[in-house]
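Here the chain labels run A, B, C and D in written order, and each chain numbers its own residues starting at 1.
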Amino acid sequence: MASFGFLGLGIMGKAMAINLVKAGFDVTVWNRNPEKCAELIALGAKHGDSPKEVAATCDITFAMVSDPAAALAICQGEDGVAAGIGHQRGYVDMSTVDAATSQEIGNAVTQAGGRFLEAPVSGTKKPAEDGTLVILAAGDQSLYQQAVPAFEVMGKMSPYLGEVGQGANMKLVVNMMMGGMLSIFSEGMSLGMKSGLEGEKILEVLSAGAMANPMFAIKGAMMLAEDYTTSFPLKHMQKDLRLAVELGDKLAHPMPTAAATNEAFKLARKEGYADEDIAALYKVMK
Amino acid sequence: MASFGFLGLGIMGKAMAINLVKAGFDVTVWNRNPEKCAELIALGAKHGDSPKEVAATCDITFAMVSDPAAALAICQGEDGVAAGIGHQRGYVDMSTVDAATSQEIGNAVTQAGGRFLEAPVSGTKKPAEDGTLVILAAGDQSLYQQAVPAFEVMGKMSPYLGEVGQGANMKLVVNMMMGGMLSIFSEGMSLGMKSGLEGEKILEVLSAGAMANPMFAIKGAMMLAEDYTTSFPLKHMQKDLRLAVELGDKLAHPMPTAAATNEAFKLARKEGYADEDIAALYKVMK
Amino acid sequence: MASFGFLGLGIMGKAMAINLVKAGFDVTVWNRNPEKCAELIALGAKHGDSPKEVAATCDITFAMVSDPAAALAICQGEDGVAAGIGHQRGYVDMSTVDAATSQEIGNAVTQAGGRFLEAPVSGTKKPAEDGTLVILAAGDQSLYQQAVPAFEVMGKMSPYLGEVGQGANMKLVVNMMMGGMLSIFSEGMSLGMKSGLEGEKILEVLSAGAMANPMFAIKGAMMLAEDYTTSFPLKHMQKDLRLAVELGDKLAHPMPTAAATNEAFKLARKEGYADEDIAALYKVMK
Amino acid sequence: MASFGFLGLGIMGKAMAINLVKAGFDVTVWNRNPEKCAELIALGAKHGDSPKEVAATCDITFAMVSDPAAALAICQGEDGVAAGIGHQRGYVDMSTVDAATSQEIGNAVTQAGGRFLEAPVSGTKKPAEDGTLVILAAGDQSLYQQAVPAFEVMGKMSPYLGEVGQGANMKLVVNMMMGGMLSIFSEGMSLGMKSGLEGEKILEVLSAGAMANPMFAIKGAMMLAEDYTTSFPLKHMQKDLRLAVELGDKLAHPMPTAAATNEAFKLARKEGYADEDIAALYKVMK
């Protein structure tokens, strides 16, 4: 059985690593702040002293850190993954990074003789704990095959999407759709309520039709309760919309709905809702 | 037990009337072309000679005809519903008509001493047959209470939405959302495929997340199969988008996403896809 | 020389009628409130007792009233233009009305044996006083030829545009362009200033290039001075944008820029700027 | 009197340098392909062997090259401007480059002891020949003062806009407005013509009103003649729109009209008009 490393024990990473340990895998963990490793070690994980050491000793090392800068930092440098990884070992970066960063990390790993897979996830804390993430894997196909047993523990779906960059593209596509859905939903909810309909009735009718989906139910309830507790920060959604529009630019692909949605989210940023949940888009509509 | 009339035995109306008869209700049917009544009569329905006669003899008369002109025609004139309806009797128009027509029909009925309910439905042939329509009722509340047993047979949900006009408003809100969802979905599907992703993989990933909904699955499959067999004609969706944008106009309610969507559907009309299914919007995006 | 009637002596109409009288024409005036006729009579005009009488005695009767309802009122009824106009006489409605109202007035006039021309104008008080309006004439071509001497006194340009309705269409097209120009101008001015440029410098640069136009100079100065004194009410511009988008709808003509502009003006209405000048659009952008 | 260097004798640069020589200035020219210097030398210019030499011998060196890569190339390296420029000498880059490239060139020059000004221009071949460019200067203010005599020969306006980057920002703002104007103009022209108006009549009416501007006249005539000979390539306009939208993104500044315009230009790229004139936008509208 393959041995796994896991770098980054934040909210997401910790939940994912726990699931690997509980599934009986041989797991070595590392975190910038080593105190966060205690819970994992208590569950049976080993501790690694640096990304380099973890990458050098485990068959496959997974990483889940907060942003592109952190993703680069754990890969580069004398204590980084690339310094430790050797022939036949694999590195799977599950952090959400832009395509250029993913490519840079991939190049560093492959030039050091390793194999690389990007595998950003769709889903937040709860799916991470429940092992029901959607894992968007792209890169080295042999590494993908080897990582599937781990993916099956961490997620409910982990399609292989092609070369490095396609995981990031899929995430952009999916998030762009979510942004557009939220925008038309917010416009429609407020249109209905201004015309005299009750918000609850609109949600009820939606829940019975072909458009019924968990997001409308969850975000709609937040809007009616005026509760914008952050699950997915509005500014991150706007960033993804911007990146999707830019991807469309590269491909000469017009996307008028996405562009209008992007500007609506910008308006929400302008109004000061950048750090609230994406549901706060409703506040600029109502 | 209340006796029911049913006017209009087209694709939708026939299926709805059959469900009423099969549920054991006392049903009198009428259709412009009387031959279509035969199947209902064979199932146990009575036959009425005119809308006037049906309205005069049944406690509640339902109507399901194809457009506002037909809806007006069966209500007005010497053989019309208004000529027959008397004190305490009720008329429930389930056809999809604009707010002004609905108001005009409602006025004719109430001035003749009757009670009126508009009850447009969301759903097409299959839900009509299965008795799983979503019925959007608005108008006389006592009539609504009396009609609920029939609604429960024809639909899975029949919320009471307030005064006449609110049923039409709800339908606009819901259809506008559907149009916007379809537009962002089409843009995203084509963005993904142009960037190298497989369409099936995108649908698969969507089906696993918070946005999962039957419409994406159905319309997505049609897009990938390039099958635009009409279920909901594209031009009707564009008309609803136009009406929703105009309703927003009356309410000083900006709706940039709906407006962009409306123009996208207009482009599809310009390209000649007016009579194809709404999924044909994809053809102007891809 | 033809004799002229003039109905409606508001801000615009008075200035236009004065120009006709000063040019030496035989002019008979009428106004709902007859006191407003005094100034014209002092200049040499005759007074008519009703629209009917004016239409019956003058070769060509011009009208300039405030809205479609007033335009219909002076044409219809026992004292209206249609009741007086006879064979060979002409009626030129210069009010701004929608196409349907224009058609209705035209039908009433022609059924009474008269000839009809719609001739809405582009330009406000100052051009009316200076005789520099742009007159958008459409309808009976022989009447147009006969009216040209009067048009040349009231305006600097009066192209013949075709059948009744084309004057209204031209006005929509021109106003829609003005709305779109104002919207991109407002977005650009605020983008520049937020990025550190001085507003005056932006206006200066624009004044020197291929885009230089009087509207940018006038509205730009108003924006920088935060002076939104109403010259062209914002709500009227939004109405024209709505009508232009609807005209596009009839023609299956997508207009994404006009649609986005329409929503921007709606946002300005929502924010309470409906009665301010169109330049107040800037307030929702900055 | 200051001595001037001029690097880059393409269509624009040659015309600008000729104007400097004809105005009596002491001018030293350099071009990658030295044959292009002959015409200037015949008019009295000196020849420099490299950017380094020109920058080392002239008080102020101007550059006008085709793109950011060329602008960087003549500044960097052992024969570059930065290698020659010394204390008190000035470098004015009039090429159109992005803000980051401009900053990089500026840093190279100032670190070598020189002073830097970015001065992109608005205007094409004809204004360059006529000395009527609009010069958008930003950077070292003392250098600006010293360069004004040259700017006055090359352009009709050369406002000082602040620190390095503001010239580029002004150009984005102005071009974005041009793109938006062209988009609403194209939509309106086609709306009018589809509704039965003659295109020439629309241009005539526009030329008489507050929106009258050279661009509408020039581009309108091209559209009616279906002549899309490239003066300003459509793809460059779309790039500027993209950059403007991205600048708005950084500033949390929503620009729905610019965003819709950007997508319209993308549609024109998709349809294959990238290398035609910006007037070809009309082809996707009509």
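Points to keep in mind about this one:
Basically, contacts are C-beta pairs under 8 Å (C-beta built on N, C-alpha and C of every residue); 3 or more make two chains touch, one makes a residue touch a chain.
Chain-to-protein mapping (UniProt): A, B, C, D = NAD-binding protein.
Just so it is clear, the model here is predicted, and its values are computed rather than measured.
Of all residue numbers used where subunit B (NAD-binding protein) meets subunit C (NAD-binding protein), over half belong to both copies. The two sides are thus made of the same residues. Note: Cα superposition of subunit A (NAD-binding protein) onto subunit B (NAD-binding protein), rotation of 180 degrees, nearest 5.
If each chain is reduced to the centroid of its CA atoms, subunit B (NAD-binding protein) and subunit C (NAD-binding protein) end up 41 Å from each other.
Centre to centre, using the average C-alpha position, subunit B (NAD-binding protein) and subunit D (NAD-binding protein) are separated by 56 Å. The set of subunit B (NAD-binding protein) residues that touch two or more partner chains comprises 248, 253-256, 259-260, 263-264. Of all the residues in subunit D (NAD-binding protein), the ones that touch subunit A (NAD-binding protein) in their complex are 238, 242, 245-246, 248-249, 252-256, 259-260, 262-264, 266-267, 269-270, 274. Across the interface of their complex, subunit D (NAD-binding protein) is touched by residues 122-123, 134, 136, 156-157, 159, 161-163, 166, 169-170, 172-174, 176-181, 183-185, 187-192, 194-197, 201-202, 204-206, 208-215, 218, 244, 247-248, 251, 253-261, 263-264, 285 of subunit C (NAD-binding protein).
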